[in-house]
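What follows is a set of structures to go through.
Okay, so chain A shows up in both of these, paired with chain B first and chain C after.
Here is the complex of A and B:
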């Protein structure tokens, strides 16, 4: 059964609220008669005030008309007079996306047009710096990703240049540039050889967003211990535990000491304190003692309680 | 008819009296007073311990026992929030080792049930004849004490300040610790498949860790997923390595095509204290002729550790993890006092065993 334009519009006029939001594009579908002419700009910046002239057609040029603006996140409904201009407020077009305007006259004829609202100039950066801790001297270990938003938090699709400024705790800083693609700019870099915090700032025009990454010591390197015997007790103490770049492993890192003598095997997992791990064993006869930190093995020492090391 | 009714009433009364006698511990008392054999004497003692009647149990010991009541209660009922304080004696098996007219040696295997599983305690006890009954000679437990002192503890501890949830998307946060499964081995055991290996906290912060495994069929569909539960040290300090074991009961190895491993770590507050040394470790046979890894735990801090769990990883000639076993210690680890432990090793594993490594999980009451 073919529906008439008139009865369909009467149906649409009864709609309210969210139902109206979904049904309006259908109400203004090509099957509807043209009610008038809407002169809309092709694109508008987000939050930009503008006006839409309402030009009446021959058959719908008189009386009150109803104007609808359908945006990605809200709908505006107004009563307008043909020949006037509809003022679109800044708050009506804050969200970027495709908008549809529909004009329906008092004789139930509708016409529609679409326009696009594009993001305003960049005003915010969402900046992700990953990871928050990274071992020193590790290739491609730091990811910096910046999302560019306008003042209304619309993703800015237009290419923009983001400057990533890297400031290590020691040494000179440097910067890398990245151009946004689909609103996102990113870069990847190696961690530097020195532990400590590294400040990375994403800069776009006057907008800055800073994050801090902690560069930490890598695996232990050249782990060594020395022994001090006293009676049947032996104190084992590592040299300051450092990685291959010379950074001291943080306190609390576990160092495992293993002693094997005639009574069996003894192990102590002890944390580094002030850069050094220390443990005491009682030794019976000859003993072989080894040290390890994680999967890194250190030196081995042979100990005899009679004094011969 | 009249006689039948009388007989029925007499029998019913006798049955009820016997039942009441049993209920009131008459059998136990009978066993106590009629401890006519060494085994009966030990069983009677165990009945009293099971009933938490320590005074009566202590009174039944032989006079030559050099323990006192307080030590006996402390040994049997536990102290200092140890696992024994949360345990109850389930069964006691007694087997004679040697007997003559006045003295006997028996082997007692006590099985204690606790919230963390059952615990075996095997002892050889002397039993002496005292007139018409036998009495157990209970040795004085060796409770070591350390002299009063101040132990300075200045190990590192970590606190965590997380991201404020009200902050914008993209606001800075701290990442979870980076952990790595350094080895994984799938083995077939009777009636189950077992996944075991080791995992390392590679980060510089402590991690709360869970290792899960999913067994997959040839078509990639999952057979079953399990976690390591308590066969892992969940809290790993920086660069600490823990063994893990995941059991899949009822799964056959030939049904498994591959295994998907998943190690999930959370950043948690932790303390590097206490340090627990594992001393004098060695593989030997216990009183029941089982292969066990024995040793002693020494709490090097100044605070008691209430419950300790020993986790042991066993390696073959090639350094591959071939088994992981655990055992709880039912005594609290008092500062500087060695406490013995023993962990079972299956015989077939013991035959291939080349090396082993022991770590200790610990639980301390915060009020201590």
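Here is the complex of A and C:
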């Protein structure tokens, strides 16, 4: 039997207090889904209490009926009397998703309907910042991704603006905005010119989540070395090794010195210590020595231990 | 007993390594992957059909192997989910589900058992659309348009049959050797 708009109105009139307040939007017919003897809201907010009337007419009016609610993480089975209302508690509808309601009368005739539980307002941000270390002044090198969840950890579908606030260790902070799509907001940015930690905070309303990445010096820039000869030994020492933004490359970065003389080619890899790489070679006759750090080549020097530099 | 399981994958892939939009060429292609699965028991394994469309995926394009793996494990997940909802046995769910998705399914199946209810899913296939793949490769979001026939029973009594398309939003994350479903939420067609 079909419910009429008039009987919808009669049901709405019976609601009181907070239930009425919550149910008011449904009382207009677009907010209700009606299937046979079942009248359910089309959408409900996660964790909200409401009631479903058990219509006492026709076959359902005789004897007890069985009410089933099947949700993503919850199943309810209750025996109900026609003409009563099934109270759906907050704990019954915490998970967002489609819920199925089935009402079977005493003669095993069943009617079903579905309603959707939508996520509550944003309450949690799951925030990822990638990578954890990044060279300075590198284009599109930092990615930030924020997933927006409600208090029950349902993904919040409704578009929301996430503010990504970037605070470098030196220099002024700035922010980028991203609007969530299907509950996800992301942005990509260049790393800033100065090494040190960079704090990125994702902010949505009063929800904040912060992550820190470390910006490190980029590749060496204008790599140069000088030589000091002593007998048949030559000491090679770089100038302080910096990137193109003036950041000192970290100690431990490998610098390679390559010598070619009459005995052949030999390479020595040495780590930077206190910003400088130093190495000593034995040289026989004339030699060509070059220096490199990563993909960057430095200057080349010619050395002759018996003939001078 | 060995059984042959076919998982067909339609993967529209963006060429790798090209992040700047002006360099991105969206090349669509279809892969039909046949996957041999070795059944541990004598019962044959039937995987649902999964088509994956990854056209225009942001911020990172999907690699072919990743697409194949995602589609395969999504199919496995639905097979295990259907089996668990029907039998009430949850042992296999940890193979394909983690996090919220796993916790919710475990609760659902536990409460189903208490209520004496079970669900039978006849799976007619899934059209997956990848909509987000994080640049570090740790999360992929997909939308699934599934053709399912869902029968709900109380004991042996059939309560209800639903035969309409179902829409799901899915969050998958990679593990050591597979992609897991971390979140699986059914949404109405209107919201999709």
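Here, the second predicted complex is superposed on the first by the 271 of 309 C-alpha atoms of A that agree within 3 Å, B and C clash if a C-alpha of one lies under 4 Å from a C-alpha of the other, contacts with A are read in each partner's own complex, and residues count from 1 in each chain.
Keep this in mind: a contact is a pair of C-beta atoms (placed from the backbone, for glycine too) under 8 Å apart; a residue touches a chain by one contact, two chains touch by 3 or more.
Predicted, not measured: the structure shown is a model, and the values here were computed from it.
When the shared chain is aligned, chain B comes close enough to touch A:265, but chain C does not. Look at A:72: by the touch rule set out above, it reaches chain C but stays clear of chain B. Of the two partner chains placed around the shared chain by superposition, neither chain B nor chain C is touched by A:172.
In the superposition on chain A, contact of A:154 is made with chain C only, not with chain B. Look at A:230: by the touch rule set out above, it reaches neither chain B nor chain C.
Using the contact criterion defined above for the overlaid structures, shared-chain residue A:143 touches chain C, although it does not reach chain B. In the superposed pair of complexes, A:131 makes contact with chain B and with chain C alike.
Contacts of chain A with chain B, set against its contacts with chain C after fitting on chain A, overlap at residues 128, 130-131, 147. Across the complex, chain C meets chain A through its residues 19-20, 59, 100, 103-105, 107-108, 111-112, 114-117, 119, 131-132, 134-136, 138-139, 141, 143, 152, 154, 157, 159-160, 162, 166, 169, 171, 183-188, 191. Contact residues on chain A toward chain B in their complex (touch as defined above): 126-133, 147, 211-212, 216-217, 220, 249-256, 263-271, 273, 279, 293-295. In the complex of the two chains, the chain A residues touching chain C come out as 42-43, 66, 68, 70-77, 95-98, 100, 102, 104, 108, 110, 112, 114, 116, 118, 128, 130-131, 140, 143, 145, 147, 153-155, 157, 181-184, 186, 188. In the complex of the two chains, the chain B residues touching chain A come out as 154-156, 158, 168-170, 172-175, 178, 182, 200, 202-206, 237-241, 272, 275, 277-282, 295, 300, 356-359.
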